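See the structures that follow.
First chain A sits with chain B, and in the next complex the same chain sits with chain C.
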Partner chain A sequence: MSTPDMRERIDAFPTHRIGPYRVRAGRPFPYGATPVPGGVNFSVYSDGATTMSLVLFERGGTRPSAELEFPLEFRIGSVYAMTVFGLDAENLEYGFRAAGPYAPEHGDRFDAGKVLSDPYARLISGREVWGREPDWDNVYHYRAQVLNDDFDWDGDRPLRIPAEDLVIYETHVRGFTRHPSSKVSAPGTYAGMREKIPYLRELGVNCLELLPVFEFDELDNPRTDPATGERLYNYWGYNTVSFFAPKAGYAATGPFGMQADEFKSLVKELHRAGIEVVLDVVFNHTAEGNEQGPTISFRGLDNATYYMLTPRGEYYNFSGTGNTVNCNHPVVRDFVLSCLRHWVAEYHIDGFRFDLAAILDRAPDGTPLPNPPLLEQLAHDPILRHTKLIAEAWDAAGLYQVGNFPNYGRWSEWNGKYRDTVRRFVKGEPGLVGELATRMAGSPDLYQGRTSSASVNFITAHDGFTLADLVSYNDKHNEANGEDNNDGANDNNSWNCGEEGPSASPHVRELRMRQMKNLLTILLTSQGIPMILAGDEVGRTQLGNNNTYCQDNELSWFDWGLVEANAGLLHFTQALIAFRHAHPVLRSSDHPSGTDRVGSGYPDISWHGVRAWAPDWADHGRVLAMMRCGRHAKGGSVADDHVYIAVNAHWEAHDLELPALPEGQRWHLFADTATAVHPLGAEPELQHPGRFHLGAHSAVVLVGRAAQQTTA
Partner chain B sequence: MSVKVSSQVLAEATVVALEGEINSTTSGGLQSQLLPLIGPSSVVLIDLTGVSYISSAGLRTLLIVHRHAQQLKAEITLVGLSEEVSFVMSATGFLDFFRIAEDLDAELERAGR
Partner chain C sequence: MAFDVRLKINDKVATIELKGELDASTAGEFHDTVGRAAGAGAVELVIHAEQLGYLSSAGLRSLVFARQKMGDEVRIAIVGATDPVAQTIRLAGFDHSIELVDA
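Now for the complex of A and B:
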């Protein structure tokens, strides 16, 4: 049986002519521009427009080559759809022109003077080279293009790593390899990142979380550095211009319009290396901003649908950016869902982290919904079924939902309480032993009844101090951002170890190194999903700037010289990650109960202090030890060793009494942040089996197993 | 505008030299000229020395030709890639699908053996 020639289809023939173009009524779905036999199908939604035109440009042309008004019979409901035949899709840029009322008090802001970008554009030109100044007089800046969506995945399959087994590494496509020390062939690009996959493998992370890669305009920041006068950028990219299009300026091949292929190739190679890809996505606002912002797409197509508006037609601002996307409007829900499906089906993305996700559960008038339809829909969508969904469970208007974000058994959360508790404890604040225990056990107070992977544990992220700066600065130093140091968080829970900023003192430097190791030790032995900020493993500094959203320079970029300079810290981090992968007892999906459910003679988790079995929960306590019984690993389904972790946030050393192990087993030293870390399986047996001298501001990780296994 | 295609059989191999730009307007014609040159179990060297630019559509044409060749158990080797073409193919992952050789004569010698 042969496949019929698609050209034999009746709808492959034009029915109308508009100027020199042959057209016919199109298919309303999918939205956007889709290649079809003999032509391209264009579809766009607008409820309030009175007329709609398709505006065509030759690639790079400053004036439109044609404008094709959609005939009335090409409109179904509020969707305009038209197939145009004989187009050279590769050299085509297109947009829409919507005419309609300008009546802000009723929510309408139509402007027929603007060419609007297609919200569903899969490819955008106009910003192909990062930082290159465009012609600002151009009538159309972010130009929709038609995508060849026939990438050859060559058998790539989703890895489906169980969430509790993930070690997430949060990074920025450009910042990861832009520094000259990266030595990649195309610095700052998807292709450059691909060349660093061996580094990621050696580090041991199995999930890369990328700061926004949807097309944005890095040049939309009007500020300059007050000291140098240099331009500041929208570096992080939390200002989406086009939600279906990968950022062209992150592609070495952006000037050739091949950013989609380049990004897909990166995902394919990461999968081959056993690394999943999670995208940081921003649905809470768009690059159009408030009333003064540019009209790029949504505002001119259907302002009243896409944005939350007050009864007087003004923009609600729950996102701190001047506008807030109307996420629970049925049309917008459909937009968000289609977008995520697109990234999963077309780009093989493994999960998403939602920026200011609390906004996703607000009704069109801003009220938090008890059963937000968008979140429920995402949780149960057939295409997204096995992807990771991670919420930043707060917004800029004070809705804080850590622990109670509507989750439908699917959503995880960035655990901001974990971050704050661990920082404060390690800094040496009193009264935190009890809360630290709760956080290390997977925060059952917040996530009872959910799997422990509901908690994404992190101490640092792109937003805030790096790990090195957390132990080097008491205060933020954001002067370079041009906002008089008023931007960025003030509650950093940081401690500079005695001196603000870079220090020549060997004592201060050694203490900082130990504090970083202490923080990493807690992070990588806690239950829940650990997330590491890229560069923390080598002590990357931002010189005290805790909000480098605008700094496209060495403040933000990963300095690969640190790989050698801080080889010890890197080695320590690698070893800890390997330790976590080797010990399933740290990665159970259920929360520990503190009881013996498998008859091992030990509870699954137990707490200790300077005395074994006697944790000190008192306010002045600064020592906490946690023991995990290996027989309970993964609910008792796999065998593991005992693991004992003790943290001393006190400025004095303590002699710890260790809990006794079963007959024939001994404690072995995996890591002491004050001294050394040992290779997996070659951890030396402790000389004194029952006690351990833990230095000031130090942490230790011990493994309990049969004595004869020791090789060191 | 079109791509100039010239082919000759040398030492058990078919050498196809291309000249011009391979883009969306030329790649359709190129594909229909290339496919008949690939026979079952044949060895085909595609010489791109005369190609100054390959667009996204052009790379897809080469990949389609490669997939056809796989079905026929033919072997395709690309020769004479310019630095730019090689870079674009590498960054987008297209390079991974192909056998690449730098020197046509060495390849012919290999094919003749």
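Now for the complex of A and C:
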């Protein structure tokens, strides 16, 4: 039996004519523009519109080539759907024009003078080249286009790396290779990033977390650098214009409209290299901003549906950016869910980090919901079943949910308490030994009853100081942002090691290097999912700027010259990551209990101080040692060595008494942040088996195993 | 230069010569030619692109079409692509499924 030609089906014939265009009533789902036999199906939702038109442009045209008003019989419920035949989809840009009431006090802000972008557009033109000044008089800036999903995935499958085995690397598509030192063929693009995959492999990370890649407008920042007069950008991209479209300005092939393929190629190659891809997604607000913001899409289609509004029709602002998406409205829930499904199904994305995720559990009036339907739906969605869901579990209006974000057994959280505790301990603050122990054990106080991968441990992220700046500045230095240094966080828990900013002092420089290694050591030996900010492994600086959201320049870009200049730090980080991968005892999914559950004679985790088995929990204590018993690795299911980590945040050295190992085993030195790091399997045995001299502001990692295995 | 596409098949090796610009207006002709090569059971497809001056997004997508039409087991080589054309193919990531060969 042969397959019938789709063009011969009855539903592939037009039934109406609008001007020269042959059309028929379309299919309401999926929303957006979808190629169908002989034409393109357009579908858009608006509850309050009185009329709706499809606006067609020839690609790049300044005026519409046609406007097709949806016949009334093409409307089902509040969805307008129409199939238009004979279109040249390759050369087509489209939008919608919605007429309806302008009554802000009732939530309506219809404006028939605007051409609106399709919220479900899977391709956007208008900003194909990063930073290129557009024609601001253009009637339609963010132009929806039709996408052909014909990418050759070549058998690509999800890696499904267990969450507890991840090492996340947070980076920015443009910033990663835009610096001239990157030496890639297309700097600042998905293609450029693809060329750096060997670097990521050598580093050892297995998950790339990308700052927003949904289409945004980098040119919507009106500020200039007060010192140079140069324009500032919306560099980070937390101002989404179009949620289903990859940013064209990040694609070398954006001018060809090939950004989807270029990004998919990056994902495919990362998967081949054993690296998952997590996207930082921003559903808490949109680029339309507050009452003074532009009408791009949602505001003109159904303002009262998409945004949280006060009883007087003003925008609630839980995001700090002017508007807040009405995430738990059923229509918006469907939008968010469809969007994430799209990125998983079409782009093979492995997970998402949700910016200001606490907003996702607010009701339309802003009240936190005890059982937010959106979060529950995402947790149990069939398409998202194996994707990682990571919440930034707070918002800009003070809802702080670290440890109690509604998780449904699925969600992880950026652990802000981990960040603050580790920073404060390492800079030498007193009274933190006990809390550091809790954080290094996977924060069971916050995540009891959940796996330890509920905690995404991080010390630095894009928002805040880099690792190098954390040990070089007491205060933020954001003057270049043009906000009189009032922007960015003030509570950085940083310490400049004796001198603010760059230092010529060998002592200060050496101390800073050691502090960076101390911080990395804690991060990569803690239970939970570690996340590293790109460039921290080579000491990248932002010269004290802790809020480079607007800095599209050397302040933000990865300087690849540091790979050579700070090769020692890079080597140390690589070694630590490799150590973590080699020692499953650091990556158990269950929280340690402090008891012996496998009959090894040792508890799964034990705490020590200057004296073995005698941790100093006192306020003045600044030394903490943690021993993990290898027999308990992954719940006792795999074999591993004992691992001992000690951190000294004191300004004086200490002679540590080491806990005794099982008969026939000896302690071997993997890393001492004051001296050296040794190759895996070739760690030298300690000369004094029961003691270790730990320098001031230093950390040590020892591995316990049979003496005869030593090769050094 | 006007677009021109010619197909030769010799011992299961299909050779396509392209001239001019491969874009939305010419992609259909290229698709038909690829379809004929696939229909003839070619086990290798060699696309001579020395005289291909421009490749639009529709042209790039034609290469995706060729890959899918010919099947995974068929080697596809593009011979002598000019630097801009080769660069476009590389940046889009198609050089992993289609071989770029110097003339």
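Throughout what follows, the second predicted complex is superposed on the first by the 712 of 712 C-alpha atoms of A that agree within 3 Å, B and C clash if a C-alpha of one lies under 4 Å from a C-alpha of the other, contacts with A are read in each partner's own complex, and residues count from 1 in each chain.
Keep in mind that, in the parts below, a residue touches a chain if its C-beta (ideal position, glycine included) is under 8 Å from a C-beta of that chain, and two chains touch if they have at least 3 such contacts.
What you see is a predicted model, and the numbers here were worked out from it, not measured in a lab.
Per the definitions stated earlier, placing chain B and chain C onto a shared chain A by superposition produces a clash between them. Of the two partner chains placed by the overlay, chain B and chain C both lie in contact with A:N91.
Of the two partner chains, neither chain B nor chain C is touched by A:S443. When the shared chain is aligned, no partner comes close enough to touch A:T421: not chain B, not chain C.
In the superposed model, A:S43 lies in contact with neither chain B nor chain C.
In the superposition on the C-alpha atoms of chain A, the part of chain A touched by chain B in one complex and by chain C in the other spans residues 88, 90-91, 148, 150, 152, 154, 185-186, 189, 191, 251-253, 256-258, 261-262, 264-265, 268-269. By the touch criterion stated above, chain A contacts chain B in their complex at residues 88-91, 148, 150, 152, 154, 185-186, 189-191, 251-253, 256-258, 261-262, 264-265, 268-269. Only residues 23-25, 55-57, 59-60, 63, 67, 87-88, 90-94, 96-97 of chain B touch chain A when the two sit together in their complex. Only residues 24, 56-58, 60-61, 64-65, 67-68, 72, 87-88, 90-94, 96-97 of chain C touch chain A when the two sit together in their complex.
Every residue of chain A that touches chain C in the complex is listed here, in rising order: 88, 90-91, 148, 150-152, 154, 185-186, 189, 191, 194, 251-253, 256-258, 261-262, 264-266, 268-269.
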